[in-house]
Amino acid sequence: MWSLSKIANIIHDWLNSTFNPTIATAIEMLFAGIAVISLFAILGLVLVLMERRVAAWMQIRLGPNRVGPFGLMQSMADTIKLLVKEGLTPDGADKFLFNLAPFIAIIVAMLLMAPIAFAKDFQLWDLNIGVLYLSSVSSIMVISILMAGWSSNNKYSLIGAMRSGAQIVSYELSAGFAILTIIVLTGSLQISEIVQSQSNGWWIFKGHIPAIIAFVIFMIAVTAETNRAPFDLAEAESELTAGFHTEYSGMKFALFFLSEYVNVFIVCAIGATLFLGGWMPLHIGNWQGFNNIMDFIPSSVWFFGKTFFLIFLIMWFRWTFPRLRIDQLLNLEWKYLLPISMFNLLLMTALAILGWYF
Amino acid sequence: MVEELGRTTEGDLIINVGPQHPATHGVLHLVITLNGETIKNVEPHLGFIHRSIEKMCESLTYRQFIYVTSRMDYLSSHINNHACALCVEKGMQIEIPKRAQVIRVLMDELTRIASHELWWGAMAMDLGAFTPFFHAFRERESINDIMEETCGARLTMNYIVPGGVMQDIHPNFQQRVKTFIQLYKSKIHEYDEMVTGNIIFQNRMKNIGYLSPEDAISFGCTGPTARGSGVSSDIRKIYPYEIYDQIEFDEILETGGDSFSRYLVRIREMQQSIRIIEQLIDNIPEGDFQAKTKAVLKLPKGEFYTRVETARGEFGVYIVSEGGTTPYRIKFRSPGFSNLSVLNHIARGSKLGDLIAIMGTLDLVIPDIDR
Amino acid sequence: MFIKEYINDVYCAVKSLLVGMRRTGYYFTHHKEIITQEYPDNRATLQLPERFKGEVVMPHDSSNEHRCTGCTACEIACPNGTIKVITKFEVNAEGKKKKAIDKLVYHLELCTMCNLCIIACPSDAIKMAQTFEHSVYNRSELTKILNNPGSKIMDGVE
């Protein structure tokens, strides 16, 4: 059967036989870069259309269905619109920071693509501290938001950026604790080993109650990290007319917009890897026939299926709940999520020591 | 404004909300003085949509000026027209047939439900939940379809003439209203599921914007704004007009005084309106739909005032007549103006996000305030 | 006890959120609840009620005759000067000079669709049509002459 790792191996062998190893590595890096950028572009297009369709169906209306069959070309139209818009720089803005901020957002998103396992044996960089790398690089995102808010020379943007900074920094704690809860069970930070350890069942089933609590806390925390509703004060349209990216238009706004959606994809990919088994198919005990059918579906389909399910969950949150006020949001984190996640970690550690998990 | 600015201390931020803003329902300019995230002072600037309606009415006859009031508070347009017609009829001592009275009250209550539906959807949207807006419009569209069939228009109905209504109701009217009542009753629990019971909404509306009953009376607030603080001010009960004294319905009073109480008052008023419609829809008496009046209406010399209960509060029409075919002076007492005046008082000390919730529960329609 | 209240708070909060999510999930999966009408693709089947106030027209019968006597009752009833009646004198069959309608100028851009002209007309000459697509590229197209050229009044209308 075809698989992404086989294609990668074929290309690797062909390159090594044609060129000398250094140039082959350089060309491989070039291919990897192009693949990541094209994945970005495709993800951006698909997620924008998916969001609009999901929102429409929940709001008892049809989504975009005119541009192309079933509205599939809608994203193309949106991209062209954003590209031809005039990119204004406000008068008193700090030009260097203003232009730099969207690029930092995109660079962070690209760096985070590296350790994710998209399919069996298909990872860009399998470093032994994969999870720590993901958690620390995603914190750099807050710098780009603060830069954007400060350099816009606009009161609304500044308020939005300050709120967002406080929010992201707080919710990283809960997300970190939720991740740690699973690491206690796996014993390793390396992504490929985490996925391998779920070969006899996904952690959310094997770790029963503490894993389920950790999953719920993780979903809430990453919704807050990526500035999605119900925690989207930084871009609250009815209050601050777009918050920290008010002054951006054209291509720079497109970069912020894109980086938000790709961030959602990445955190859902992390969630799928840790809790739902990454590219591991669903196996149930000794049901050989069922397991063989599940093995037939390629691993990349499993991975993307799980990730898109989690993305749908995050979109479901957005279109159902109103927004929380800034002090209620921080209240939620420091008084409810953090104590519960710390207690959960303790519980999981106790279970791991006693061996009371599957 | 200048002396207010003099009271700002070091570190205060002055922000303009509006006139173009997604959350102010119309063109309203608010100048907010913020200290960090807390509001110190809110100053509304009005007049962006002033169209000198009262001056215009001085050159229109008593049949012609009614259509203009539809454009003032466009969400309760029928009730505004009703007030003008009642004032003219009071001046000329015209007796309105029973059938016309019942039709007018039915249309009033349908308009009240439509107005509260739109308020509910817009309020949820201001707080960040975009979905209830579309669900509210589904019900509102049913009401609009009923109006379109009988009156001919969906928003500015202009169905009332002094003496009754312009045309008889359409033969399908009763059937459609009954279908609407069934639809509404099947969907009402969704409002509780999606908004009223939701913990996030409750946290954003409880204990926000407390208005004491004494303040409500001294600022002149009427309608659900005052009833949320326990001040009994339903014109339909206190000074009944048309056939309101012969129908059974409750006046909804809540004693909380905060935004959540005002919210609950409106949700329960919708249910009371359904109750009124159910009592009337099967008992529309036969008869004329319009009383016979002279072709040219002339009010006798004097001053006349009538008040009705719109979806926002007490709407009053005050006509000064010198005996001619056009009024000498008309003054409209708009409910939104008095409700807006209380905004500064109750928004002090709360956060910027709360201001949006407070304005949502005050239910302001700016063309009504600016006339 | 504090812990009991805390857990109760969390439980009630999560339950209310899940109830809300179930409602939107219901609408996500039940597509027959969608009420969107796909205009302008549905122009062929779009049916407006007969009382809909679109614009004022003067119906003419098959022999190009209308019912307007030129009494200017509609012009007097209109609140903002939308209708202008231009009359002329013409000689009728018995040789008497009678006032008749020359042109009924109707400014669609000023009309508020209040229906007062229709109920003021004593001979049912004008009525409301159910059109609503009034936008044009040239503003002068909005000033309409309601009586067709070469038409005259029907017999028997007073």
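Chains: A, B and C, in written order; residue numbering restarts at 1 for each.
By our rule, a contact is a pair of C-beta atoms (placed from the backbone, for glycine too) under 8 Å apart; a residue touches a chain by one contact, two chains touch by 3 or more.
Computed from a predicted model, the values in this text were never measured in an experiment.
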Handout entry: Longest centre-to-centre distance from chain C, chain (CA-based)
Key = A
Practice task
Compute per-chain Cα centres, compare each with the mean of all protein Cα atoms, and return the closest chain.
Solution key: B
Handout entry: Where chain A and chain C are represented by their mean Cα positions, the distance between them in whole Å
Key = 52
Practice task
With chain centres taken as the means of their Cα atoms, state the distance from chain A to chain B in Å.
Solution key: 46
Practice task
Could you give the separation in Å between the centres of chain B and chain C, each centre being the mean of its C-alpha atoms?
Solution key: 25
Problem - Multi-partner residues of chain A (at least 2 other chains) - result: 58-61, 319-321
Fill in the blank from the handout: Multi-chain touching residues of chain B, meaning two or more other chains, are 131, 138, 194, 198, 200
Handout entry: Per-residue overlap in chain C, given as positions that touch at least 2 other chains
Key = 17, 20, 23-24, 35
Problem - Residues on chain A engaged by chain C in the complex (per definition of touch) - result: 54, 57-62, 316-317, 319-321, 336, 340
Exercise for the section: Quick one: which bits of chain A touch chain B in the complex? Just the residue numbers, please. Expected result: 55, 58-61, 155-156, 159, 229-230, 232-233, 236-239, 241, 319-328
Practice task
Could you pull out which chain C residues touch chain B in their complex?
Solution key: 12-13, 16-17, 19-20, 22-24, 35, 48-49, 51-53, 77-79, 112-116, 119, 128
Completion exercise
Residue positions on chain B within touch of chain A in the complex are 13, 15, 21-23, 37, 124-131, 133-135, 138, 194, 198, 200-201, 203-204, 351-354, 356
Problem - chain C-touching residues of chain B, taken from the complex the two chains share - result: 60, 63-65, 67-68, 131, 138, 141, 148-153, 156, 158, 161, 166-167, 170, 190, 193-194, 197-200
